[in-house]
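Two complexes come next, and they have one chain in common, chain A, joined by chain B in the first and chain C in the second.
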Partner chain A sequence: MSELGVVRRVLAYLVLLAVTFLICFPLIWAFSTSIKGPKEVMATPPRLIPTEATAANYRNLITGKEQYFRADQAYVPTTAAPQHFIAWFTNSLIVSGSSTLISIVISTLAAYSITRFRYWGRRIIPYFSLLGYMIPSIILVFPLFLVMAQLSLTNSLWSLTFGYVSITLPFSMWLLWAFFRGIPIELEEAAMIDGASRLRVFVDIVLPSALPGIIAAAIFSLIVSWNDFLFARVFINSIENLPLTVGVMHFFEGVHVDWGLMMASAVLMTVPMAILFMLMQRHLVAGFGAGAVKG
Partner chain B sequence: MSPSTDWRVADNRIGILFIVPFVVAALVFMVYPVLESVRLAFYQHNPLNPDASVFVGLENFRTIFDDPLFWQSFRQAAIWTGCSIVLQTVIGVLLALLLHLPLRGISVFRGLLLFPYIVPTVVIALILQWMLNPDIGVVNWSLRGAGLIDESIYWLATPNMAMLSTIMLNVWKYTPFVTICVLARLQTIPLELYDAAKVDGAGPLRRFLDITLPQLAEVLVVVVIFRTIWTFNKFEEIYLLTKGGPGTSTFNLAIYSFEQSVASLKMGVGAATGVVMMLLLFAGSLVYMRVFRFASEEAE
Partner chain C sequence: MTIRLDHIYKSFGPVPVLKDIHLEFPEKAFVTLVGPSGCGKTTLLRILAGLESATSGAIWHGKEKVSDLAPGKRDVAMVFQSYALYPHMDVRANIGYGLKVRGVPREELDRRVREVARVLEIEHLLGRKPRQLSGGQRQRVALGRAMVRKPWLFLMDEPLSNLDAKLRVTMRGELKRFHLRLEATTVYVTHDQLEAMTMSDLIAVMEHGVVQQYATPAEIYNRPANTFVAGFIGSPPMNFIEGARIGGGEVSIRAGEQVAAVAASAVASGADRVVRLGVRPQDVRLDTSEGASVPGEVTLVQLVGSEKLVDLDLGGGVRVTAEVKAELAVEQGARVRVSFDPAKLHLFDLESGRNLAFVAERA
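Up next, the complex of A and B:
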């Protein structure tokens, strides 16, 4: 494309900066609120840079200390004591990690199978998966709840793990199928003619070349399960077994909403995803290219 | 028989072994729930008293079709989806064109664009509730500071504003999806097309309408269909911000189904709503496949 004039270039950068601002501002604002003291959170007009920064909200979430607020004359507990935050955080990590692991193992094996072997019905599997990942969670959640009840798994982290497999498996399958199809088969055939066993070939040749696809599928799977609210809302009813997404909603209960605490938990909830995002950005874009995006 | 077909037949058993976990998981966690929800749609089912499940035929469907709230939810879902998709597509394409420009540091912006996609819906919903707080929220105070409003806007407490707020959330989170897809396609348009048009004296707008837009048509149709299907069925983006309120003014079918199952304990009615949503989804998928086949035939 041709060179741009100076005026147009400046204009383009201005628009890009405005877009960047719109993308980043909510999280910047959340962070700013999270490091304000209780008085300054409620102060008007609100300021971006706190006059007095404090880490109290983060400390309280991490140590699980109960917070108190001055309401009229008496001291009353705030909305919800943050003592479960670390448990929620751990639950989220366990559940999204284990469901991603299960989905990826199952779909990697399946993708290898349907692209390298011939048997009846293998062709419909990718299309079945595509259909599966269009089905919204709201349709799956209640029947799955009944399945979990029959297996006596409700209110356990297992129910969430399996629940998330039902949403992450179809699109991992679709993405990995597209990816495996693109890996040339000649190298494998040559190795096998040289006497390497099927399993050797799978581990030494296929897995390394499929790694970018596997990573992309894993990232999307982690994002989806870390972000879920609906399954956890329906499956889990004891407060200590909740993942973060449903847990933090308990901060709304009570007379007084502690926005500082709330914004600190919003920031902490984003941190693992932001780290993943920074480390894996390249693969994420590759995944978008392969069309494996659940939105 | 060639040696390659030989080993294919010999170890086909491994192939079957590798597909078994997928088939089992798909049957238990995908096929069964879908079939079960279709079955439930014909039953009266209270989750607190599962033994008293009664077959009621089409009664649940009659209930929802007679319920004004169902039709209201349907209408609101259509408005919500329509507005979100138009905004996402227009903004998404403009952004993609901008990010396609040969500017220094553009890859930093491209990377940043994916950020909203990884932010949990819960997080952005919490932050928006805080920013849109009528008395102490930053949005009202900024508007007031700029002299645009005199009185507080009750963003989440008035029906129209609540609808607008949920649309804003949706556009914020999913416009990047459109941009990434369009940008990927833009990068494959041969530059010679533009050079030829320039020689013919076509201006930037002409070049966009005559070259870029037709090239983007296919990816746009696919993206719009996919986004429409997903947006129409979204639950969390609305529920977490407004709970469907104020009143029922931001209900869509997903929230209607959820409320029937959870609040009213009528799982059958909730499931019947789900079946209607699935039928709409299949209709959408058929359109998609038609277009897809049409597009690939065009390409050949």
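Up next, the complex of A and C:
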């Protein structure tokens, strides 16, 4: 490699490093704050690496008990309610998991039906569904709240599950519709001639071929429901039924904010998603079906 | 058992695609459906497979009516133009899928897959995924998937069209050998008349959803039923000369101002009549001194190995191509005399395009 080439490469890496740091900084800062004691959290000038690291914030969140950080430190009243953290976390898991599952099952079947069966309106359904997705959540939330109230579902996890399905389903369906269209119909026809029933063809041939699309749609649904604030804020009014996003708001109280607990929650909220991404990355890589047809 | 297509009609909405297809495939025959794009040949194949249903008409296998059966129940096999190998399964699973679906026991399935792989010489590929195979290898896997079930009917939809020219010639021979070995009736779809001519026992030439002629390759080549068949089969294509006159023991054409006899006619019987004259490039002779001939100018010479293709302008807008031996010295711009082999002239009705020999036979 020429000298100029080396310089260019070094420069490119430096730029990439800077951008990566910029993107990661909030997460790094959140983690740093989460392992600081209450005094150091507000220290000026702020320090990225704490002088004395502590796992107290995490311990408090997981055990649900408030503990003093160090005997020699003045008592800082943690006005928030760390005892609910595990419940919120569980609620978030249940609601995002179930809404993703429902959304994926319905959107997969719907998208398959639209691409493979002939019936009136099948061509316009995907576009309408995308149009539906474009309506801002803030416009949807109040009519949906009224519907949930009619069904006596407000303040229950079901209201959130259905609410999230209503916003993730159209986009998932549109995404999978585009994906199914790309699966050559000859694959299914070949399997039918091989003797497989329509259902067997769907399970044996279509689903594995559509896996990257299904995973992409599932991740989208998970992110939307895991990160939602608006629906949870409107639909749920008891502290124990809240998901994490709204729950951590209780770490703000009046003028007091427990930044340590807040940041520990933020880190714990991010971890499951980060792990999921790492596990699924392989499946998200395009070109899974390359080579199936033609040369 | 013979396979009989009994007056098949097919329309997509208001558009008719197949009109009154009535064919019989003898047992173990290699039958080719050939025609230009959009002639309905693939639709007919899909109806045979059960992937499309005919608007009316039926398909019989011996005395059994198979046109009401679902594709999986017909026990036919199909090789797709795109191969349609299951991308997430390895070669072994691809070949064995049909047996697995039918609940064949594992040991037997393994044995049969290995047997087919051995015949096709793809044993070393059994563990690979389709994307790791070359075009020719994918082709063999697709064949293996069709062969392993031992079906009574093989359907092949342009299986060679994705291969390069050299491999296509090799695979053409192999397909024919497999057919002879398997002894199952094969219906092969192609738009390549050379494939049709070289591989088939019988050819059905199709145009606009109608079978124009159904006969052996030799019959189709030597006695094309109409101008479409005559023009489609044979390479380079047959020359057509409008307004040729037969009568008086001669065939004459009007070239420019002059009327010239081009052949002593072996077919010219009965009254004078104006026809469309068809003559294959192989039957055009140059530089003949004897018999009837017409002067012409050489406009283009193309060497194609052992032959030369010579484009000739006979004047008055009449152009023909001759195929001559490569050794024959002929250059662009040369004036030559041209005549046609009288025994190999094809005379077609000007309006209907039908071969007059057929018309005479029917009359």
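In the analysis below, the second predicted complex is superposed on the first by the 261 of 295 C-alpha atoms of A that agree within 3 Å, B and C clash if a C-alpha of one lies under 4 Å from a C-alpha of the other, contacts with A are read in each partner's own complex, and residues count from 1 in each chain.
Here is the rule we go by: a residue touches a chain if its C-beta (ideal position, glycine included) is under 8 Å from a C-beta of that chain, and two chains touch if they have at least 3 such contacts.
This is a predicted model, so every value here is computed, not measured.
By the document's definition of touching, of the two partners only chain B reaches A:Thr245; chain C does not.
When the shared chain is aligned, chain B and chain C each come close enough to touch A:Met192. In the overlay built on the shared chain, the residue A:Leu93 is in contact with neither chain B nor chain C. Of the two partner chains placed by the overlay, only chain C lies in contact with A:Arg200; chain B stays clear of it.
Applying the stated contact rule after C-alpha superposition, one finds that A:Ser209 touches chain C and leaves chain B untouched. Look at A:Pro26: by the touch rule set out above, it reaches chain B but stays clear of chain C.
Touching more residues of chain A than its counterpart among chain B and chain C is B. Touch criterion not met for A:Ala178: it reaches neither chain B nor chain C.
Once the two complexes are overlaid on chain A, the chain A residues touched by chain B in the first and by chain C in the second are 189, 192-193, 288-289, 293, 295. Chain B meets chain A in the complex at residues 3-4, 7-8, 11-12, 14-16, 18-19, 21-22, 25-26, 28-30, 32-34, 36-37, 40, 47, 50, 95, 98-103, 109, 111-124, 126-128, 130-131, 133, 135-138, 141, 144-145, 172, 174, 177, 180-181, 184, 191, 194, 226-227, 229-230, 233-236, 239-240, 254, 257-258, 261-262, 267, 270-271, 274, 277-278, 281, 285. Residue ranges on chain C touching chain A, taken from their complex, read 49-51, 70-74, 76-78, 80-88, 97-98, 101-102, 129-135, 138, 145, 149, 162-163.
Interface residues of chain A, counted against chain C in their complex, comprise 184, 186-187, 189-197, 200, 204-205, 208-209, 211, 288-295. Looking at the complex, you find that chain A touches chain B at residues 1, 3-4, 9, 12-13, 15-16, 19-20, 22-24, 26-27, 29-30, 33, 42-46, 102, 105-107, 109-110, 112-114, 116-119, 122, 125, 128, 131-132, 134-140, 142-147, 149, 162-163, 165-166, 169-170, 173, 189, 192-193, 198-199, 223, 226-227, 229-230, 234, 244-245, 248-249, 259, 262-263, 266, 269-270, 273-274, 276-277, 281, 284-285, 288-289, 293, 295.
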